[in-house]
Amino acid sequence: MKYNYGTAICAAFEYILETYPEAFILGQGLWSPWYVGNSMTDLDKKFGTHRVIDTPVSELACTGAGVGAALAGMKPIVVHPRMDFMLYAMDAIVNQAAKWSHMVGGQAHPGVTIRAIINRGGEQGAQHSQALHAWFAHVPGLRVVMPATVADARDLLIASVVSRDPVMYIDDRWLYDLEDDLAPVEELDLAVQGPRCLREGRDLSLVAAGYSVRLALDAADRLSDKGISAEVIDLRVLNPFAPEAVVESVRKTGHLLAIDGGWRTCGIAGEVMASVAERGVSARMGRIALPDAPAPSSRVLEKAYYPTVDTIVATASRLLS
Amino acid sequence: MKYNYGTAICAAFEYILETYPEAFILGQGLWSPWYVGNSMTDLDKKFGTHRVIDTPVSELACTGAGVGAALAGMKPIVVHPRMDFMLYAMDAIVNQAAKWSHMVGGQAHPGVTIRAIINRGGEQGAQHSQALHAWFAHVPGLRVVMPATVADARDLLIASVVSRDPVMYIDDRWLYDLEDDLAPVEELDLAVQGPRCLREGRDLSLVAAGYSVRLALDAADRLSDKGISAEVIDLRVLNPFAPEAVVESVRKTGHLLAIDGGWRTCGIAGEVMASVAERGVSARMGRIALPDAPAPSSRVLEKAYYPTVDTIVATASRLLS
Amino acid sequence: MGGLADPSRFHQPIDIAGQDPAVLQGQLRAILAIRMAEQHLADMRRNGLIGGPVHLGVGQEAVAVGVSANLRASDRVFGAHRSHSHVLALGASLHGLFAEVLGKDTGLSRGMGGSMHLWDGPRGFYGSVPIVSGTVPLAVGAGLAAKLSGTDDVAVSYLGDGAVEEGAVHESMNLARVLQAPVLFVVENNFFASHMHIRLRQPLEYTARFASAHDMPCEVVDGNDVVAVNKAASRLVDHIRSGRGPAFLEAITFRWYGHVDWREDIDVGVNRSTEDLSNWRARDPLSRLTVAMEAAGCWSAGQHADLVEAIRKDVVDAWEKAMNDPYPQPAALLDRVYAR
Amino acid sequence: MGGLADPSRFHQPIDIAGQDPAVLQGQLRAILAIRMAEQHLADMRRNGLIGGPVHLGVGQEAVAVGVSANLRASDRVFGAHRSHSHVLALGASLHGLFAEVLGKDTGLSRGMGGSMHLWDGPRGFYGSVPIVSGTVPLAVGAGLAAKLSGTDDVAVSYLGDGAVEEGAVHESMNLARVLQAPVLFVVENNFFASHMHIRLRQPLEYTARFASAHDMPCEVVDGNDVVAVNKAASRLVDHIRSGRGPAFLEAITFRWYGHVDWREDIDVGVNRSTEDLSNWRARDPLSRLTVAMEAAGCWSAGQHADLVEAIRKDVVDAWEKAMNDPYPQPAALLDRVYAR
């Protein structure tokens, strides 16, 4: 059946709410069609406002409540319509959810899913634009997923909710119109998911996560016109980080370009490079990330701020020359 | 005069409070000798409780108040006796302080200093142990310093307070007993501070920040007994990150071992490696960081958790063999 | 609370007895200017000339105008996502606001912020940003700074009824109270946080209960009555300036437009009660003031027409100028991250 | 509040009229066991056998015992850094607690947490951690889970007067109230957050004002009176179990030891009022209960001596066993991060 990235997320929610009576959703904007795009349409009507709960403006309490409900055996999904708002909820995520299992000797697991939406552009500026996936990749105890395909948008969300661990599920509004056919749902075990090659190539490995994967795929098309054969690796799972597939690819191509829609320093692009470097794979490496600045709002500066296919093509060509 | 790391911090506070009437300190435990070790002894008595303010248990409001006071022309220092508590204050730090100048067109600068203490070990466990410097290095708009020497403990604190930008000053309780002589204060311009070579060597570059620098220096001693000449680079300033000194060193030695007391994935050690790799310096690289787990509390596990001089010596020897 | 939450009440002209006509005229001018500026922004957003979101406060203008009557340039005012009225009431230039909304280099924030990030330091507007409650702790710090510097300046923190649900607000109120920081917390209670009515978010409709919990003086007023707002703010600002600590003003009001942009009937996609809306339109801070002034003989239909025309011209001129202004240079992206 | 904050009052035996003697004896036993266990921990910390910090609640035992009288194993209790009493009052094993404090594999949290991270799921103790107010939102979620699952189980959130200064608590109270989640917030108001008296941190000495602000029923009781705590908790838990939403209990009490470890006279380095301390020692929840029971003829000096001896033996046995238990295997470091 035809889905787009947004409706695929919605399909995942429907599957979850239908299949698991202990699943419920808690977050801001769940009763408004505006906050979360087409990714949660009418869930409140289909499953009731007691299972699809729109909340006060209280990110910390809502996230913590998700953690606590998970400890009580539920499968809660906490939705943050923008990742920026989650800065208020860091204690619940990092001090509580991520550490709980370890702190209590593996006897209880807060299997909460935290859905963080990257929602940037549109002249909204610095506080409505952030992509902080590198932060969560840094914290042991969290699983972090970033779907780049329509199938992953659905299947990794289901896998996140089914997982007994706390999961940060990060989707990107810039992907919502991406279309694809989907097979019937099969539940995946998140613990065995990891980076995946989406396009094979010989000369260069483009490695990315989330929306940056789309840029990489488009860039690979353009590079092939120039006679460069680029392989594209979709990271998918950022934590626990399993770089083997990337390392294999770079071993083959001898060139790595890591592309990230987050900031550079201590970001995921750097992590990809370090993981290759420490394994003794000799390769030429480059990375593309955001400039070292908060997101601007003015449209002219927004254009300069976000990486594009052009940037990738140009950087890749330079790397190979 | 003889100082240790803790009294050097105290000397910086005295200098600041004496020199700048607009300076004041706000934080938890400032009227107790226990929270902040010997680093703030009797400041409240010398300068008054109106300038050395012990606060309610409200990390977010206190940090935000520091940001607001800075916008009003003060030089506030907000003290968090453990970095873990700061998880509550992320909005004030990341959404507000780091972005303010940019958001308002460079017309106002929240020159607040946020002092975050790394305070781990002692069987205190996962929520009383974190070293999240990589997070702050990731965020444009913050300056991040991590003093590893007695002189830097004092001088980088003064430089942080004098800076017009928001600065995260990160000190480590494990360093407080380190002793050294200090020259009279000269104010440094933080914007031109950066990594520094503390010990020259030919065979290997050990790169670290904060307490890990001490481990690196001790390891360098031990390595020299084995006939290995290790250079030690103290990063000092993690954001904006200026890797040139590191790159020069690795170009010379051909071997890089990055050592970090924080977590591995998207950490500062990986950033160091990536910065070298993307400059086309071919070198053998390795890193040492925390295991992918929250801090344990049991003493036997604590021993296994934190990197030691032994780990460094062993890893370095392997890297060179 | 005297039924202030009931939209069918308080439609009559406001009580202006004893008010200086010149002052009233100034307030009328300010309310009207804000109203017309925001209606222009609504139009320009609808027709696509504005690229970013605009959160309009049409219907709420009397709050900022009444509060600002008690402020001076050395005070420190913080707002949030819906702050056009807050900055204009302090005397900010229309052109500066419009240019900012358009992302131009001549804007209040030099084009770096847009509608949701406004700054006018020289007039005491320390800044507004869209993270709900993000500036509330900052206002406490700016107030504390005034106290530490030995001045009697005050800080003002504008926030919404939704913001009250953020823990930051409660920490800030306690901190301000314990430090006796000179801060006026002004809650513009318009009963909505985007699509959610306060009854869905809080157990009670008024937020002033938190003022008593935090042991600070408070007043609850008809936010659509500029005289009432002004009087209450005056009492509270006096209290604050005299060194007796923070205070709390709850102004009951309503926004005519939805949460964001130009639509009136929907709130980020959710239908609003048209009956409530039309009732609230009848509790108009502008017409209730105008009618009262006309009845008192200190305003006339002719004066009003002239004023509308003058402001219309200001608005059009400011807009034209802003439209023709340059965007920030590319270097602005990196040059404004740190002080230089 | 009837002068509950005045330490020179409420020294008389508590009122046990109408209480079942067997129940009282059970409560006396629980209070005494917690007291002796914690005093033992104080000694072992002083003599260096305990490596990590212990936050002792000696003097506060009646709160957890009185509250727990109204709980069952399917309820969900969360604590914080000072939670020995909370978990023991639910019936947790002394040995499990001691082993945990020593970081042993047989501890309540399998040695991964120490004194500040306790867990006893089978008894309804969902966990305690030292980040102040960190578990309060979790309790709301665990309560909400009970409601969504259609049970009448309740969640209990123990917190301190200091925790009330964290925004998380206010968000949690509002969220619980709006969702009508079955949560009992229990503030153990011992007037101190580490070295800071509540007068230095808040404008007023009682925290129940926040219950009314958040529109939930509340009671303020002498936390050193197990019967009073039990009765108040019983009324509030009934309210909650019957589906009428959260409630708030403020128990006024005092800790005899300083903030952390074994010293009585100092609070993380700051001298405490010895007069207050001796007054609070006289408001002892244990002796006030014992004397009342002896006067009522349902307890005797002989019974007491036997009980003390029996508990002393339990304590010593549990400690010996814990001391000889193994530490976690090295693999525990990585094996317990994720579920397997």
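Every chain is named by a letter (A, B, C and D) in the order it is written, and numbering of its residues begins at 1.
Throughout what follows, a residue touches a chain if its C-beta (ideal position, glycine included) is under 8 Å from a C-beta of that chain, and two chains touch if they have at least 3 such contacts.
Since the model is a prediction, treat every value here as computed from it, not as a measurement.
Asks: Go through the assembly and pull out the chains touching subunit C as well as subunit D.
Replies: Both-contact set = A, B.
Asks: How many angstrom lie between the centres of subunit A and subunit D, each centre taken as the mean Cα position?
Replies: 41
Asks: Could you please state the distance in Å, as a whole number, between where the Cα atoms of subunit A are centred and where those of subunit B are centred?
Replies: Using C-alpha averages as centres, the distance is 30 Å.
Asks: How big is the gap, in whole Å, between where the Cα atoms of subunit B centre and where those of subunit D centre?
Replies: Once rounded, the distance between the two centres reads 37 Å.
Asks: At least two other chains touched by the same residue of subunit C: list those residues.
Replies: Each of 111-113, 117, 129, 131, 134, 165-168, 171, 174, 178, 200-202, 328, 332, 336-337 in subunit C touches at least two other chains.
Asks: Which positions in subunit B touch two or more other chains at once?
Replies: 55-56, 58, 60-61, 84, 87-88, 91, 95, 102-103, 125-127, 140-141, 240, 291-294, 296
Asks: Which of line, ring, star, complete and other names the graph you get from chains that touch?
Replies: Looks like everything touches everything, fully connected.
Asks: Touching residues of subunit A toward subunit B in the complex: what are they?
Replies: 60, 84, 87-88, 90-91, 94-95, 98-99, 102-103, 125-127, 132, 134-135, 137-141, 238-241, 262-263, 265-271, 273-278, 280, 282, 284-287, 291-294, 296
Asks: Going by the contact rule set out above, which residues of subunit D touch subunit C in the complex?
Replies: 165-171, 174, 177-178, 200-204, 209-210, 212-216
Asks: Help me check something: in the complex, which residues belonging to subunit B touch subunit C?
Replies: 22, 24, 50-51, 53, 55-56, 58, 60-74, 76, 91-92, 95-96, 100-109, 111, 140-141, 143, 163-165, 191, 240
Asks: Considering only the defined contacts, which subunit D positions touch subunit B in the complex?
Replies: Touching subunit B from subunit D are residues 51-53, 103-104, 111-114, 116-117, 129-134, 162-163, 165-168, 193-196, 200-202, 267-270, 327-328, 330, 332-334, 336-337.
Asks: Under the definition above, what is the set of subunit D residues touching subunit A in their complex?
Replies: Residues of subunit D touching subunit A: 76, 78, 107, 109-113, 117, 119, 121, 126-127, 129, 131, 134-146, 148-149, 155, 167-168, 171-172, 174-175, 178-179, 181, 328, 332, 335-340.
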